[in-house]
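For reference, chains read A, B and C in written order, and residue numbers begin at 1 within each chain.
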Amino acid sequence: MKKLLKNKQALVTALIENAVSVILLIFVIFMIFTKRSFSTWDNIVNIINESSIYGIAACAMTIVIISGEFDLSASSVFGWSTVLFVLTINAFGIVAAFFITIACGALFGAFNGILVAKVRMPAFVVTLGTMIAIKGLAYVVTNAQPVNTTNETLKAIGDISVAGISIIPMVYLAMLVLFIWFLKHTRFGRNIYATGGNYEVARLSGINVAFSKFIVFTILGAAAALAGIMYGVRIKAGWAPYGQDLSLYCIAATIIGGTSLLGGTGGVHKTIIGILVLAVLFNALTLLGVSGSMQKFIRGLVLITVIMLDSIVARRQKE
Amino acid sequence: MGTHVLDMKHITKTFPGVVALDDVSLAVEKGAVHGLIGENGAGKSTLMKVLNGVYKADHGQLYLEGAPLELHGVRDAQEKGISTIFQEFNLINSLSIAENIFLGRFQGGNLIDWKDIHTKATNLLDRLGLHFDVTRIVGKLSTAEKQLVEIAKALSFDAKIIVMDEPTSSLTSREIELFFPIIGKLRESGITTIYISHKLEEIFQICDKVSIMRDGKIVGESPVDEITRDQVIELMVGRSLEMEYPKRTVEPDGVVLSVQSLGRGNKLHDISFELRKGEILGIAGLVGAGRTELAEALFGADPADSGEITIKGKKVAIHSTSQGKENSIGMLTEDRKETGLVLDMSVTKNITITKLEEVKKGIVLRNKAEAQVADHFVDALNIKTPSINQALYNLSGGNQQKVVLAKWLFSDVDILILDEPTRGIDIGAKYEIYCLMNSLTEQGKSIIMISSELPEVLHMSDRLLVMHKGMIKGELVGKDMSADNVMKLVIE
Amino acid sequence: MDRKRVLDIIRSNGILIVILLLIIVTGIFESNFLTVNNLLNVLRQVSVVGIVACGMTFCIIGGAFDLSVGSVVSLAGVITILNINAGTNEYLAILYGLLAGIAIGIVNGVLISIIHGRTSEAFIVTYGMQVVVASIALFPSNGLFISGRVSEGFFKSMGQGVMPIIIFLGLATIMQFVLTKTPYGRRMCFIGSNMDVAKMSGINVIANRVSYFVISGVLASLGGIVLCSRVTSSNPTAGLNYEMDVIAAVVVGGTQLSGGSGSVYRTVIGAVIIGIMSNALNILGITAYHQQIVKGMLILLAVGMDIVNKRMKMREMTHEKVVEE
């Protein structure tokens, strides 16, 4: 009797955990049959290209979440980076622009990291504050106007296309490989898991938990900057409000993928599913002619649902 | 002297208001399984914490294999060869067995050689005669398996001494049977085990020698085959002559609470009993027996999922603590600091929170009324505080306890559940509390008293329920209430 | 002892002092700044944020956090104006707007209670609600301004003259009274300090917490309605980024984000001070976007000091000497 009950519980848990993948599957099948334009190669390429931009940031957000925190400021770093990238391209050329932008992103991340890891302020407040401040900075520097560039090299890079796939998914892939390797095979990577799994136990075992928390924010800052650069590669422009929904998108993707907000588990490879789910979902919605505000509504709803489910699953596992 | 792997000489440790260890000397022989037994609060945990580096003794000295030993924390103790297996495991549930064993100790730079780690981990488990898959996630292991991982971890530190703190408290009897051979394997390897436990049977079964603690002292020590169980119990419990208990004068009459087949998950099974008006019902049992879970189910903090509760003849549903309080049930929690007090707030505010309606007029709280209440209880319970507006964190532990008690006395509930009411309170104050309990029952209130101090629960209860593994093992009344009978019911 | 007290006061009111200095300096350099007219104007402008911040204060003291207030402000305005334009009785229109806030508050409260209100997840849930509600506000007009056909009457008067100020300060007074002098307020402090202790004292924590979200929601909608009344139109994104100003007001005022203690009056002061500061910065030629940077940094500074403050207090409090820190 007890065994039956245990099996039933395990079944329900498995169902909840994989509910999203199941729903995605159903949705994809539905779309294939309803909208011709969905299953064209052009559209698939579109999905891959689009989702890779946020995907780059999502890898790093996953790492932050594994360490037991989260970051709302990634959105602003993204928007700021599109601006900074364009401005520095026009002033210093593309190579310098690349390094400057990433360094700046890393610096912002490090700032978050110090406040969270050393001063021990709640990540929520810290990243809320920096989100506001960095967005303000982007507005100030551009006077709220978009900025453009006609840099030839940039155009050439943006035009790179292999069977329709731009350079961005390739960068994403490279990042994925790098991050997956980092998390599995380096001491730093494993320390991040330990820190998120149980801060105290990790600390007592001699792991430098403060450093772990610090480094993940720095990495996310750099990744958000890289994502912004990729966006700049695509549209050759920069504007402060770009990427406003990045943070929530990446958090949702991470949780959908199966990494818990509580930390200590999951992985970057799992977040790929989350990104795919969201990308397919919103691609489908656009093809179905759903309005912008409705899409926003669904985005919010998905986030809430996903958090609730994650929390409920986490509590069931505790018992 | 030459074969002692560990010598603890004249260890004394005090905390504000309490002498936890009083000139304790302990000598442990190499390769032995040395048992340490005593009631809750006897000092076993404190002694262990001195041994594994969490506490620094105020006086005394430790010797490891003859050489003086200075410890600077748990990790330092581990590296010097003393590993402790706590009741709350020091494991990270989201990581694998192998990773937990070598947590923070990956050799050779930044890259991890998983093959090496897995091989080493598997070898360690082999030494214990176990064949786990070391890539399994610790969170999915049973409690017994987690414990074995902890032991493997200790081995990985080349431990000379492994201290086990109540190792079988969450194990099934089947698991216990599989556990003892492991201790045997440790002995074979020349590793010394210090086995801290409540459970007499186990001590007699696997230990070579036993030391008995009481009130922060070692009151007896003997090889296991030269002492009887009864002698051990007597040494554990024996302060009967020193403690005075007020006489119970109330004749309990009329049933106020009736519980039928109460159950909750796998923590409570088929609990049924009655509580009468003016009665003090004691609940005895070991840590983990389910007593606090029962209290929480009655109070509504963690409601039962089956069974019935009847109060004064009416069936009631208690799904929240506010419902519990509405039904005139209150609960003094075991862990006062965590769940009984808000340290930032004043004495007054902490006391009046259980019955704010009493100190208000209309919708406004009356400062004067509140102050009167606080003054009354400071007086009645002899609470030492410079003022009633003093924030609680300024008071000593014992006085904080009294504030929690005051809070529930103020609530004026008919049924009061006390979970270890005199823990951490000095002897004089204990007597005051017992008198208070008596006067409460004289006023017609009923008390359920959960206590691990056998003398206390034996003397103060009108009836005694003994719990074990979530069930009521038996009920003792009158002359049958004795330490022996309690132990008999607990150790089956 | 005296030096310690002074340091303590500086530590707990640091931000206020800094801003006060800024205001004094501006007043010295700009003659128009510290006039009654100007200050009244500032007060009126601050009132909407102030009303919402009062609700947020209750939420924070109770240990919760409501990030959806910005979008509730927008939504309430949209609902009220639409109803008035459709000819509904203006009192009813206002009621509908308020009901929206209550409904959203209930949803927030229930969701948070289901997940037992663990902090990080609670934040993101209300943040998600922010997005959801904001999109709902966009539906009716597809994102455009809705100009209100508002005639003289109660609704119009809400936003004119000193009415916003009266509503703001009146509310603040009532709420401060409830907080400090009623059992409800006392329970709020307990729940915000330690939910477990509150629960084990027989308090119905869930019901109380839901009420905090409802209050936050209804006050956010009240703020949105007053805002609409002032401009007699509804901007579906009126409340965008409102949370920043609201949180800044609470945090600068000195209420701790950790909950359990605080004061609505302090939030009033915080809101007013920030309003005056914005005004001063405007006069000095510093634009809104610069101000945003300042606001972000302010929040960080205020919370950072609060945390450092608490840690120093904790160190003074330790009883047991343990070898390991």
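Basically, a contact is a pair of C-beta atoms (placed from the backbone, for glycine too) under 8 Å apart; a residue touches a chain by one contact, two chains touch by 3 or more.
Model, not experiment: these values are computed from the prediction.
Peer 1: Which pairing of chains gives the most C-beta pairs in contact?
Peer 2: Most contacting pair of chains: A-C.
Peer 1: So which chain is the furthest away from chain A, centre to centre on CA atoms?
Peer 2: B
Peer 1: Report the inter-chain centroid distance for chain B and chain C in whole angstrom, where each centroid is the mean of the CA atoms.
Peer 2: 44
Peer 1: How many Å are there between the centre of chain A and the centre of chain C, using C-alpha atoms for each centre?
Peer 2: 30
Peer 1: What parts of chain A, by residue number, touch at least two of the other chains?
Peer 2: Chain A, residues with two or more chain partners: 204.
Peer 1: On chain B, where are the residues touching two or more other chains?
Peer 2: Residues 74 of chain B touch two or more partner chains.
Peer 1: Among the residues of chain C, which ones contact at least 2 other chains?
Peer 2: Counting only residues that touch two or more other chains, chain C contributes 324.
Peer 1: Which part of chain A faces chain B closely enough to touch in the complex?
Peer 2: 184-188, 190-191, 193-194, 196-198, 201-202, 204-207, 263-265, 317, 319
Peer 1: How about chain B: which of its residues touch chain A in the complex?
Peer 2: Checking each residue of chain B against chain A gives 74-75, 90-95, 99, 103-106, 109-112, 114, 139, 265.
Peer 1: Once bound in the complex, which stretches of chain C touch chain A?
Peer 2: Touching chain A: residues 111, 114-116, 118-121, 123-125, 127-136, 138-139, 142-143, 241, 244, 247, 257, 287, 289-297, 299-300, 303-304, 307-308, 311, 324 of chain C.
Peer 1: Give every residue of chain C touching chain B within the complex, in rising order.
Peer 2: Result: residues 181-183, 186-187, 189-190, 193-194, 196-197, 199-204, 206-207, 260-261, 317, 319-324 of chain C touch chain B.
Peer 1: Per the contact definition, I'd like the list of chain B residues that touch chain C in the complex.
Peer 2: So the residues of chain B touching chain C come out as 15-16, 53-56, 71-74, 299, 301, 320-322, 324-325, 330-331, 333, 338-345, 349, 352-354, 356-357, 360, 363-365, 393, 396-397, 407, 411.
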